[in-house]
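Two complexes follow with chain A in common, the first pairing it with chain B and the second with chain C.
What follows is the complex of A and B.
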């Protein structure tokens, strides 16, 4: 929180919650005020990022306003506080702002009775198929039934049958019987995704969520409806029946599919990633995540992953591979070398890359490969490299990433450049052809998967994917955020920063870097933006480090 | 923290030990007499003789999967047994039941269900936790094998051991 800008003066109001008088800023929802007072109110339809329709009736509390004398003065009790006239029926707390002198009871017999009643009605037509339901374990209906429900049903009639296993869209399946009609998904699509395709059809107990008959739910943000669905009505086709949620280890990290750097949670079990869900960070992505980013993790477990260092296609051990790479580099003059770094590298890796450039005395013969796409105006940035800002800051590229790649192509074609180092980028995407690559003396490539360049690589070093390493990145808005390791790298693949460290050591002698924290410390000494920070000080939500707005990179000139 | 165990205060009878020795010898001689008269069986000639017939109903043998009288595999792959299993002997891989299947309404079933009988401790928690009455500890106790792989019971083996179980709650059957 910045201390320079004074908070706008919001008048505070006095509210009594369960007998204790507290102050809240005017405009606070009653449900939020109770939450801040450590009195959790169960809720289904209420979501802090959406409008409040007040239709689930789960958040009912007992409410009261100060007793007034005939001349509209509050009646004061013995303790000098206003006496409260309690409203004789429960009120919903999600659609009501706090008011001066308001009284709230969150656990009175009337409230408990109301919650029991609401839950009993919600469960009347609920199929209770928890053993096959993907939501089991993170289901609000399960949780609140245990905490606030009454344990058994008095309902004797047949349950209403509704559509099950309905494909709402390519990524979403609906089970209308499980739905409690909270309308969160409808409001999300209307208010956040601006794609109003969902609605409620039929009448009474046959009420059911449905998609517009001429449309399907194929918006790129559709999977967020699965996240906010409090029950198992909406399930993700990708995660459906794959793994029970209580087995998943949750790793807090960031998304690397674009410059936004959305905060995410990776759910993995025994080295396999099963799903990615958004993590709340109101400075970056709120609580949402685009489907295209969330589902783009399968390649990490690809069986073609590089697992062993190779020299000219022959598997060797790491020591040999590093030594041969260093020999190649030392056999060339700095003018004959070119280094292609990547906007997908972490700051630590970029910093070590800059050290390697210094050790090899390369000047201006390095750049990153820019990746651009169309910004969608919500969470997807035009810059599809997650760490362009970091690359600029550490000096791996100019303010126009990719502007030097032309010179690489010219140099290779004229024969001036003999050896190219590529750190996770496909050189054929930098404008070079396969014939150009054959002309080179040597290519030293570091990558996770085979691509057009790897068959030509003299020394090929298997690296770690973004879910397998720690490090930091700076998003397009200049926010420094942290990556965490969810799964282990396959085979003999190493962390990128370790590979770079060993390469630098082989070229110019040891540098005393033992753990990634040392790298961050060395980086903080060289770049003032990181001064006083460490990987642990960045925290889960990140910190703004670059304040001036970085212009969006221009579309790549070289294919 | 140090804790002093209080010594029991023995009576003089207990201090001289003799009454206890006499009582112990009396029991020994009683058993000797029964042995000589042929009233006690000490050794059962296993495997020629087996106690299978006198096994109590609550005996906990190998865990198995069962099908019901409609031929439906009871298990819906909820993985609660995998979760509760103290030695982590159970591994389940779920799958969706194809739409053309007779039991498509159930939606989910195990694709693979493995119980590692080297790990299994026959505690019966899997049976207790099962919400579908699908896993039962039957009376098979002689689970042997000469390789580790042989000791892993896969889905086919588990259904073979479990067989058909009737009289279970059929909550998935279509209602009128």
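What follows is the complex of A and C.
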């Protein structure tokens, strides 16, 4: 191997942490190096994605540099390692990078005293209203007070009174008494959201977080400030007072509102979703999530959810519904059929859809419905379908999704197409009118909620929402990621892949797929991008499978 | 976070400075915090509204509460211990409504007491009759008179000004010399910063000189906020050319073309006199483009502060000039690498720059002959009204402190302690004066701090507990609030002492106040929160008996 092709290695530096010499890449923050050495350093203002103002003074450690001889050579100790000259005062670890020969002590008596002292100060003005605070259970003030403090403040005098219940914006409420002025929210709005709407006003102990008069915190990323608020000062209007966080079941999955595939955590209890928060994935969304995405889950619990298969509006059992659907399909020639798949389907569903297409021999009579909008330059992709890449890869659409839909419209209008299968899409959004739909012999629709098409459906199959199923998707950058089930589908609704499997079986005989893992295995056999993988091997953070970036569809503005 | 703001502020450059616009805006109504004013200012600089409002709401003379104030009474340490301000307040109450009387912290009239500011002019020691005349349309007497004594032969900083032509001869000679030569002289001189920290000047200057960048700045910290200090005020008002020369030399040395003096609003005369001296130098061809054909370009300007002690901290001062909230920033990067508008900057105190003339005329080695091995050169001290002859005293570093007291004729009242070096300097019991010499090492060794060497006397009649409360309250008022220990500790300290003073059944737990001071000292971001524990600990140690009634006797270990 030639050295020319090797990537330039990041130089490593030797650092002593609590007596143990370790190596870290140059440029590592001291606080991060300590974390990597399993020495967690408490912090309030420091956030790895934001600048370090150094104001909370919680992340203090003892720091030192090698003792030098007069001719600038390190003095070596008995163990042959450099001796360290310790700085007499504790230093913050958030604002400094590791350096060669640096020594760090994370738990010395001086460090412990410093942390205890700062924590005690913080509790002076804190209202201690944990029983009614939404942050309780994930509050750094609570956690650090127990772990690093003495759990109480001896300063029991009067607390500084500040405003409570300040509506900073439509989705955010500020309790200034709980605020410890770490400025994470200000820095987030400035540095990440590029919207300087928050600032500190006044001076000293009167300092408080404020929105400029006549401005409100209504940015589409505002709820990230709630995520990063280390205490309960900023709360989400959508979530506050709804549920104690320790009751929430956390499910790691991905967002499906656009092609970014932001990694998220769904917080649910007893089959009800209470909130969605971002999950760190530095190859996808960092630690952020747009408000519009995280709040878009209420429809899952809509009382109009489809819960029972129907044929011509009459409830039937699944076996009957599937059999009737298969009969309809078999009663038509291949030329009379068309299938509308969806960029919201998982890879496994798309793969089974491609099997159904093979069984029906409708090689070119299918497409997906493209969804586009404006990319926001941050996390929202122009492609509002979460799995266009998967649909292209598995062959449900051409490189121009939606380009065949006009053939569907022409075919329906000319009478050549008699029956349409739609897998989660409203056909009236594919260019067909209600009158067009009435002309058809039959519509077989799979969906979760009623739409303009469902009243016309001959066979209507209730499916599962994205929070109710497992599977995988590939984002706009070609990263394969995993969906997980947070809640169960309502009523008799089935998992989409099972509906497709049963339909294929009814049309062309048994296919031997018993569990979703079988589907993935079969898909991997057909598509080399999935070779050697399984749903469990994808892992929580996903992996790149399509190396070339799929070009995003043009925004639909031209229409 | 300030990276982008610094860049935006730099677009407007130092000529059309956002902060100056804020100060101008406040001159009409007393405040720049009106939302429409803040927004208009922010729009000009492309700053967000909240940023601009955050900045203006910080300063005493820009914030909303300042609106409608007509006269400002000094509440600094020297006027406090002089005991003049209650009477002054009463006297002013006869001419002004209660809500028209504001406060201002130290006008540098510490040699007289009774200081206040009215219509941009400072007064002190006025009789009732003089006050009556002033407020009934008279011009009044605002002249500042105090002793200026040099113990040095010949005097350096206090030497008579010989005129621009003669005074700038060493500067003209320097323009023909080599910068490495000056680097050597500065190193030989051993000159250390006079703002309080005593950092070796040649390191700072060489650091800025070595920093990459076409644009560099020289900034003079003329925000002499220490109550009791009027050393920089003296230099600016009576020897303005000395500080300007020092800045010009720094500009030539580091390759900067702009020098800015950030002068506190409490010193209106300093601003006026320095501006006049700058104009004089420009007229003499010593400022501008291609100065004396040397190829060196340099301009100087003053910027007026707006009432915030923290602006004396260098990173806060730089943020203030940029129009941001003057909050202390973590170092590194140091200003020599990333200073004003994130460009390499030499930032020194007035007195430090004023010493450069002596380094040039005496040579580095000659300069170092004044003073001690580690603290070289002359040092000015400012003495308050409790001395028989209050004023500015120039001594060689290393001079016994007792000699300074003797030069000033001793104390005119019975004094129990002096606080040297501002509110963050040590409280020295009079019995210890004999142990100290005027240099950084002597003070440090004895557990005090030379600082900037303003001297405030605490008379025997003044309760030490009240002085401690004053120090805590001063810190609470002036803390930028950015770092938690300073913001929270100072306020709580002030509250504890206030409670102990007002409630005879309450005593402060010794362990509690000790822990509070330790936390502030160990963990604060800058010298304000980190420094105020020193004098309070001095007081607790040296005035144990006087303070005993306010403290619990049984120390318990937590």
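Going forward, the second predicted complex is superposed on the first by the 546 of 559 C-alpha atoms of A that agree within 3 Å, B and C clash if a C-alpha of one lies under 4 Å from a C-alpha of the other, contacts with A are read in each partner's own complex, and residues count from 1 in each chain.
Going forward, a contact is a pair of C-beta atoms (placed from the backbone, for glycine too) under 8 Å apart; a residue touches a chain by one contact, two chains touch by 3 or more.
This is a predicted model, so every value here is computed, not measured.
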Chain B and chain C placed together on chain A: clash or fit? fit
- Message: Between chain B and chain C, whom does A:187 touch in the aligned arrangement: first, second, both, or neither?
- Response: second
Exercise for review: Report for A:21: first if it touches chain B alone, second if chain C alone, otherwise both or neither.
Suggested key: neither
Of chain B and chain C, the partner touching more residues of chain A is C
Taking the CA centre of chain A as vertex, the centres of chain B and chain C subtend an angle, in steps of 10 degrees, of 90
For this session: Have a look at where A:214 lands relative to chain B and chain C in the superposition and call it first, second, both or neither.
Result: second
Q: Quick one: classify A:244 as touching chain B (first), chain C (second), both or neither.
A: first
With the two complexes superposed on chain A, say which partner A:89 touches: chain B (first), chain C (second), both, or neither.
second
| request: With the two complexes superposed on chain A, say which partner A:132 touches: chain B (first), chain C (second), both, or neither. | output: first
What is the contact status of A:117 with respect to chain B (first) and chain C (second): first, second, both, or neither?
-> second
Self-check item: Which superposed partner A:53 touches (first chain B, second chain C, both, neither)
Solution: second
In whole Å, chain B and chain C in the superposition are separated at their closest C-alpha atoms by 16
Dual-contact residues of chain A, meaning touching chain B and chain C, are 158
Chain A residues touching chain B in their complex are 130-132, 136, 158, 164-165, 240-244, 246-247
Per the touch rule above, chain B residues touching chain A in the complex are 76-80, 82-83, 94-96, 99, 105-108, 131-132, 175-176
Touching chain A in the complex, chain C uses residues 1, 3-4, 35, 38-39, 47-51, 53-54, 57-58, 63, 308, 325, 329-330, 332, 476-485, 487-492, 495-496, 499, 509, 512, 515-516, 518-519, 522-525, 558
The answer for chain A against chain C in the complex is residues 44, 50-58, 60, 89-90, 92, 95-96, 110, 113-114, 117-118, 120-122, 124-125, 150, 154-155, 157-158, 160, 180-181, 183, 186-187, 190-191, 195-207, 210-215
